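As written, the chains take the letters A, B, C and D, and residue 1 is the first residue of each chain.
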Amino acid sequence: MIGLGHVGATVAYTLVTKGIADELVLIDTNSDKVVAEQYDLMDAIARLDTSTKIVVQDYAALKDTDVIISAVGNINVIQQDGDRFGELKFNEAAVQEIAPKIKASGFNGVLINIGNPCDVVTAYYQELTGLPRNQVFGTGTFLDTARIQRALGNKLGVDPKNIGGYVYGEHGESQFVAWSTVTVNGRPVGEIEADYRINYEELETDSRRGGWYIFNGKGYTCYAIATCAVKLARAVLADAHLAAPVSTYHPGLGTYVGQPAIVGKNGIESLVFLKLSELEDGQLKSSAEFIKQKFDGLNRP
Amino acid sequence: MIGLGHVGATVAYTLVTKGIADELVLIDTNSDKVVAEQYDLMDAIARLDTSTKIVVQDYAALKDTDVIISAVGNINVIQQDGDRFGELKFNEAAVQEIAPKIKASGFNGVLINIGNPCDVVTAYYQELTGLPRNQVFGTGTFLDTARIQRALGNKLGVDPKNIGGYVYGEHGESQFVAWSTVTVNGRPVGEIEADYRINYEELETDSRRGGWYIFNGKGYTCYAIATCAVKLARAVLADAHLAAPVSTYHPGLGTYVGQPAIVGKNGIESLVFLKLSELEDGQLKSSAEFIKQKFDGLNRP
Amino acid sequence: MIGLGHVGATVAYTLVTKGIADELVLIDTNSDKVVAEQYDLMDAIARLDTSTKIVVQDYAALKDTDVIISAVGNINVIQQDGDRFGELKFNEAAVQEIAPKIKASGFNGVLINIGNPCDVVTAYYQELTGLPRNQVFGTGTFLDTARIQRALGNKLGVDPKNIGGYVYGEHGESQFVAWSTVTVNGRPVGEIEADYRINYEELETDSRRGGWYIFNGKGYTCYAIATCAVKLARAVLADAHLAAPVSTYHPGLGTYVGQPAIVGKNGIESLVFLKLSELEDGQLKSSAEFIKQKFDGLNRP
Amino acid sequence: MIGLGHVGATVAYTLVTKGIADELVLIDTNSDKVVAEQYDLMDAIARLDTSTKIVVQDYAALKDTDVIISAVGNINVIQQDGDRFGELKFNEAAVQEIAPKIKASGFNGVLINIGNPCDVVTAYYQELTGLPRNQVFGTGTFLDTARIQRALGNKLGVDPKNIGGYVYGEHGESQFVAWSTVTVNGRPVGEIEADYRINYEELETDSRRGGWYIFNGKGYTCYAIATCAVKLARAVLADAHLAAPVSTYHPGLGTYVGQPAIVGKNGIESLVFLKLSELEDGQLKSSAEFIKQKFDGLNRP
């Protein structure tokens, strides 16, 4: 786990409290914070049924790990700017510092990036670690999709787990819900929109409003995003071939962008190409274009 | 869950992510924070195998709950004073406000208090809710005991879960490790102290230092204490008859104080009286006396 | 848990080993078997992180339970006849004996039936307990659907959890895969059948063959069916509003039959009507007709 | 998992249903049974939150596994003779066949034996695989200890998890409860025996009677023993340094025998020498002597 802010610490806690990780390496630029989390987690182990060995600040130990999760960021920047791109400069520098150390460790597993702007940072990690593209992906729109599942599920009194479909594109403003892919208990949402008076804009607003409530009330989000990251990490560890919308390289569009893919022990096992509407295809292209520009604008060292 | 600071939110997250609670009521004086946690938790449910209904700010809903966990506090006060009693005035007022609402709801389950100073606040909750003494207890020295288990386990290369024995007394400065009760893999620690060069003072320092590292690095502790509270809540829900050191009423000493007890569906099912050394007996009395003075000094309305 | 054959015992074990049930009532006509399972489960509790109280042979204790799972049956009959209807006579008598006792206990929760022939036995339970229809349902084609998910998932290298769609109809010979409802990673299977050379008959054969392998190799099936039943029980306990194909009353067809429905704290919260093909509609009607005939043929006392 | 009788299959199911194993290799002389269990487990995966890859009959795949659990046996022999030694001849031959294949695979992890007579079979596995002694151990008296925890816990209304102490010696008739090591909620049982009218013989009878009830009612035991084996396997996987009574080599006594030891990633990390009473020391020697004789009597090829 690289980066122990609110998200990184929650991921670490989840891996420990659910007994998922047998060994956990915690790394952060703030050594006091890392040691604090290490002790807070170690003190919990006497009360759990499982055990996790917790190592700190040791890049060399990454060599033998199966998965690295990076949640580097600077929440203060976002809080000021209210924009995920506020963190770009900070994370650009962070990746420049971290990626070579990962490379030097001999790590050859799967790197999952949570840090924002997620698509650009993920692509940059891939470039600077030199790992194959399938071994580096981002949480992308996996959280955004969960939020639409929550919003639609709540509206219809349906378990969010029974809502299918995906949010595509940038984990940011240019993302969009591909409504043509959305199903409710197996029915295309279009079939029931009249009966249930589904207003797509309202739902997207509700989904976004949830994020805003969280940001407004606690200044950051951690539980849902950590849950998403842990689910992806487990899919890699167990080679689950989970279909999930993540930030991965789209060959046709020439960039990392949020899209459904199959996640397994090699990271991205394959992409899932759903038939999108013409409008959605256009939205995906625009979103990809936006990411590409940001990526091209990085100040490579 | 009453009080959604770092600890309360972590308890709520743990109950959701481990699928322990089917329904969760979140209450806090800061409504924005409650709604933020509600949404951050709801957004996670699409990615979990379990479901939890999350209700906010509804004291009336407490009527049918089995367990209330209270983690009310004001971390800012501690951070300034570096002393758990810094929070007393704040929590005294909080209990005066909350307890009557719990009473009015008709709640007749088990109330577990985490808020500090734990022993005094727990006793005050019992007084003001009018619940039987067995139905109100505090996390007390359950965390402190976990820390000694961690420190001793680390020193000896032993799973902390295989360290027996308890920290007694106040969840605060006057607490003490009852070394006469401590066992390592079933052996009294006294039997092995020479072989392993066990220095009791050093271990207590190490245990305390861990707490200090956590406070220094993150400004609060949350994961271990939340894990302790969740373990106690599960023991109540499943009537587990778990032996654990908690803050409960000691009839001989006439006060709430940290001591081992059996936790089950009625809260405290019975007390566990271990044979302490004379020195330890004295330490327990002093610690109890200290708690009693603080409790008597409350400004009852 | 009523009926402690291979399936019932596995359900009980799963509820204990995963810490799902705080209290479990075990009932079977064979008291020696019940006590054997009780002790085998109780001996496990010292090694688990959770606790479950296990009560035996006590119908009165059902009054306060949330869920009854019935797995009554006589495997010897099936083994001879190789047909689920071989058990009908046996289970007809069993329901006549058990249902009045459930009724007498004052039970007002949700009854989930696993016993075969599932649809007929479930309907009979509903009739004789007098519980509302929504509170009595059967595992129906939930297992059959899992098998198609497994077969299709294996063929395509996809996590079975990413296969959508349902098997409808009788949990027996007249069931059918509603291919028009099946999706793979969110894509209708029809869209990819050419690319992946999907042969529907082959898949159905593979799915059935799996069941046959199990029966041939161990004489009964227990793990997958128990996992299905536990998932449904958890959906009730947590009011999850899970969409699942179960045996429930179809008002249009006038009988219990396997179809997707929403499972929550009231049992069946609502039905899910997917647009089936004309062929599938016909198959559902035939299957329902078959069940109805069998149900009408019961020798009511 | 080698040997897929009731115990082996239950271990496999537990590893799958709790998501502990990412990959599982199932091996048995009865190929139909292995394939049956494989399909019954695979059919469950669509209903679980985790994924496990299940491979069958592939000794070569053992090379990369961390833990082998062997539960080879022939229940029919026991049922006739009512004695664990009834299985010795059968398991002697089984080990002669299996051990060389394990060796040939290049396996260098930890082998946990459940098969009976446990101590002799474990020792024989160690001899024939040529693995270091610490890497081969047996479940030994871990189950017997759980049974005494259950019996004493039930009598006193105490969570079995709060009963400390161990059963030593052979996993068979010559075993004994080392009462001098037993604690109840941290108190030596001797301190409370008068207050609670504890009759040691009665408790041992109750503990054994439980086993007899299980055998009488279902003809075999599976849930508790599987739970014990899984707990030991997890301790190895997570390097938990768990203290547990297992069958391991006692240098002073020159044989495998049930005694407390520390279980971690290397198998047995160290032994735990508790101060036994003179009587108990004698019982341990006798039991060890008995095991040694049986081991020396094996018909080595």
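The rule we apply is simple: a residue touches a chain if its C-beta (ideal position, glycine included) is under 8 Å from a C-beta of that chain, and two chains touch if they have at least 3 such contacts.
Only a predicted model underlies this, so the values are computations on that prediction, with no experimental measurement involved.
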item: Farthest chain relative to chain B (centres taken as mean CA coordinates); value: C
item: Chain pair with the higher count of C-beta pairs in contact (B-C, A-C); value: A-C
item: Distance from chain D to chain C - Cα centre to Cα centre, in angstrom; value: 34
item: For chain B paired with chain C, centre-to-centre distance based on mean C-alpha positions, whole Å; value: 42
item: Between chain A and chain C, centroid-to-centroid distance (C-alpha), Å; value: 36
item: Overlap residues in chain A, where contacts from two or more other chains coincide; value: 48, 51, 153, 159, 161, 235, 240-242
item: List of chain D residues in touch with chain B within their complex; value: 48-49, 153, 157-159, 161-162, 164-166, 181, 183, 185-187, 191, 235, 240-243, 260, 262, 269, 272, 274-275
item: Complex contact set, residues of chain D against chain C; value: 9-10, 13-14, 16-18, 30, 32-37, 39-48, 51, 142-143, 145-147, 149-150, 153-154, 159-161, 163, 210-211, 213-218, 221-224, 227-228, 231
item: Chain C partner contacts - residues on chain B that touch it in the complex; value: 19, 22-23, 50-53, 234-235, 237-242
